[in-house]
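Two complexes, one shared chain (chain A), two partners (chain B, chain C).
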Partner chain A sequence: MKPLEEILKDVSRCVYCGFCESVCPTLPFGPHRGYGPRGRINLIINSIKEGNLSQEAASSIYSCLLCNACSEVCPMKIDIAGDIREMKALINRGAFGPISIKIRER
Partner chain B sequence: MSLMNARFVAELLKEVSLKTMLPVPVKMDVIYGWAINEGLPRSGKRYLYTGGLYQLLPYINETVKYIKVLEKSSSGELALRAILDAIKVNPYIISSFIKPKPSEVNASYRILKSISRLVSKKVELAYLYEDDVYSGVLLYDMGLDDAFYEHAKKVYEKMLRRKATNLITVDPHTTYILREVYPKFIEGFDLEVKSYIEVLDELGIDLRGKARPKWGLVTIHDPCYYARYLSIYEQPRRLLSAVGVEIKEVRRSKKMTFCCGGPLEAMSPKYSEDIARSRMAELSSKSKVIVTMCPICRANLERVKEEGVTILDIAELLSEA
Partner chain C sequence: MDKNAIKELVSSLGEEKVVTDKEIVRLYSKESSGLSGNAIAVLFPESAEEVSRIASIAYRLEIPIYPQGSSSSLSGNAFPSKMGVIVSFERMNKVKNVSLIDSVAIVEPGVRIEELNFMLEEKGYMFPIDPASQSIATIGGAINNGAGGLRGAKYGTMKDWVNGLEVVIPDENGTRLSLGCLTIKCRHGYDLVRLIIGSEGTLALVVGAALRIVPIPERVVTILSFFNRLEDLLNAFVEIKESGVQPYIAEFMDKKTVELAAKGVDISFSPNGNMLLISIDTTAESSGRVMNWLVDTMKRHNAIEIQSALMQQEAEEKGLFKIRRNLFSAQSRLGKKEGRPSRVFIEDIVVPPSKIPAAVSKLREIGEKYGFIVSLGGHIGDGNIHPSVVYDPEDEEEKKKVYRWFEEVMEVSLELGGSISAEHGIGTMKKGGMKMEFSEKSSEKAIDIMREIKAVFDPKCILNPGKVFDC
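Right after this comes the complex of A and B.
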């Protein structure tokens, strides 16, 4: 398991270019940008920095298919799917308290 | 709008996996039933390791349907809680409700027999039978790392007991988890893991006489884990070409393949279906014959299959030649 700081260091390299959004399968069918890689990455940054995670943010993280198309086009070579999976593990371990996860559709 | 609590799915998966070593409560013969009359030896160096994903998928999908029915019932969450508590005592308590279509179970058995026969022509292949346990891949994907670690240790012990040195896998998820993730979790993990597609590509596929491709032009749906995580995308194309099958590529293929949406099925079926439908439209615009090589992709695309479209597993196609 990756330590929290390592995840934060990796995702913080995001330059907000949005290339990842062009290849994500969940974004076009999700309710908002949080259901895409750039959104998820930024939710991870915020939640680690602030130490809390909302149900909606956790759900968008859980909606990731781990298909890893985003990392292929990321100019910063962020391990996007890997970091998202690590976040799932942290959520399961209760790092952000008990959160119920309800994935929304459009 | 489905609002299934993903934490419930995770908890259910964890409980059942820890108690039965499978993601759904079925008897082990569901996993090795396909091999009963295949005559594969019980011991050797190279073992076919299916990890059960092909065989289990019809049962996984039925379990999801069953949970959905419970969730929609008047007692909703209360009913789910009660089931979870009951499963903690006896995981097999829901087994009698999980009845997949025999045609789906038979299809997975047929694919595995094709794979085993194709590989057996090239290498001396043994089979794990009752030790062909599930890899724990869904635990890992859900981020249930502690449960995954416990599970993986038991799986590896079984492999060691069988004195395996090489594993030949049949699906992308099991290949990935064994090759890339097990070594990170299990100290001293020392097994060579190869997909049967890689093995056939390296050793060359047997062409009995002249190949007569029955299907003509096909299109390929690359699974994410083969294409992106393991860089296995030229191998299946070489194999199909070798048996005379012509391929018309979709734009999003090979490393830039588009996910079938399958992993979301348990948590949000409509979401998963929307993604599958868009992929189906793209694939069927190139050919009415779609070749898959992953049981999850196969099941998820099958659900949204357009009229006149045939979905074939690459093993079925290769064994026809």
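Right after this comes the complex of A and C.
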């Protein structure tokens, strides 16, 4: 398990260019940007900084297939899929309280 | 008011097209420039009719509307600068029709440029506007920002490739207008299409476009050369232009930027010096002759390293575009402090191409004055330079320094007869620069005229307010 600070340090390097969205297999089917890598890692930034996570945000993070296509194209070389995997584990362990995951389609 | 507005929008569009979760709304309230705001909801219309209903409700309730593509803008063009609703066009992403005979593609605004080109490529055609962000940049965003790209010198910018627009204006009825034509030739009064292109979503909501398309060139030859002196590089480019050849792509990067961008790039040659990347479209028969001439030209101007390819595929295999494609990555990591948050500030000035050596020299001086490592690259073919720096957004002193650097960079463009923005637009970040430019040209009244035009389209100033100028 990566410590929270390490995850935050990595995802905070996001420059919001969105290049990762072009290769994400879930984004075209999701209801909003949260179902893509740029959205997910920025949800992670906000939730770690503020200590809370909405059901919609958690479900968006959870919808990731961990295929790693995004990390390959990230100009900042952020370990996007790795950080999302860690975050999924944290959600599972109840780090943000009880959250029921509800993945939606567009 | 917010609750009533949401209730009305939900009843008009349906719950699944109105997102109010604060965490999700925040994702749409931020853009690549690093700027962010806040909004009451993100709306996801799926048709022009729904956009029309949104415009009508927003007009009646006087709610600001922020139209949005992929939020990859770099001048503060797309983020909500005050409370309002964001209209995301991501679900209006269909290519409705492609006609090779008419050389036109009818598309919705949420289509990504790269996706359109994947589709056109199968037919041997392309849409030639290719911003570096084309993998995510949408047609609607490119229209509103007046986008350009690597092929700008040959193909121009969005203003040259849109025959017609379908738009919605904010009034009682959310009136839909069909402007321009399907054809290139089209004369019916004032050119409202060209007025809306580059207006940054401040005049109308673009809900459809008729785009010009062209055949993909039969062959594209590419030469990548490195020079010790920037003047030699420019002279090689001048000779190409004076020979009556308009390159398909003409890009440059200065020596320091090449060093950074080449790090970690898997190529079989050693990039060293100022880089000139030239591609020229040819026929199969003439490609060898053109390539020999290009190699001779580069040698005559003291190129120290030359790599060439007779076909696009060969150029890709040899990695001739890799350094240029790594520019954004290099720009984003340049000067970044370990363990600190960082923002990349990518400038977008344009000067006559003949003034590029003077501009580079001045830009280097300014960077040194403020202690920034500046990366310098851009489109030599059209004179568009993208100097960039990385800064810590939480360091107030550094932020102030970046803004001073930014102003001086814009001043350089005006001193050399250029402009403060080539393809990124004004947004919120260059409003001062735009005033500076018109003042320099003794044409301040132009901004008053723009303000009056804005009031005709958008009398309540609810469309992307605070962008380009205040109203």
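Simple rule for what comes next: the second predicted complex is superposed on the first by the 106 of 106 C-alpha atoms of A that agree within 3 Å, B and C clash if a C-alpha of one lies under 4 Å from a C-alpha of the other, contacts with A are read in each partner's own complex, and residues count from 1 in each chain.
Basically, contacts are C-beta pairs under 8 Å (C-beta built on N, C-alpha and C of every residue); 3 or more make two chains touch, one makes a residue touch a chain.
The structure displayed is predicted, hence computed values, not measured ones.
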item	value
Touched partner set for A:Gly39, first chain B, second chain C, both or neither	second
First (chain B), second (chain C), both or neither touched by A:Glu21	second
First (chain B), second (chain C), both or neither touched by A:Glu86	first
Touching partner for A:Pro75 - first (chain B), second (chain C), both, neither	second
Which superposed partner A:Val11 touches (first chain B, second chain C, both, neither)	neither
Chain B versus chain C as contact partner of A:Ile48, first or second or both or neither	neither
Set intersection of chain A contacts, chain C complex versus chain B complex	106
Chain C - residues contacting chain A, complex	16, 19, 21-24, 26-28, 30-32, 34, 42, 44, 70-72, 88, 90-91, 112, 114, 133, 135-136, 328-329, 332-333, 336, 339, 341-344
Touch list for chain A against partner chain B, complex	1, 23, 25-26, 28-30, 59, 62-63, 65-69, 71-72, 85-93, 99-106
Touching residues on chain A, where the partner in the complex is chain C	9, 12-13, 15-19, 21-22, 31-34, 38-39, 42-43, 46-47, 53-54, 56-57, 60, 75-76, 106
Contact set on chain B toward chain A in their complex	1-7, 10, 140-146, 224, 228-229, 255-259, 261-264, 267-268, 270-271, 274-275, 278-279
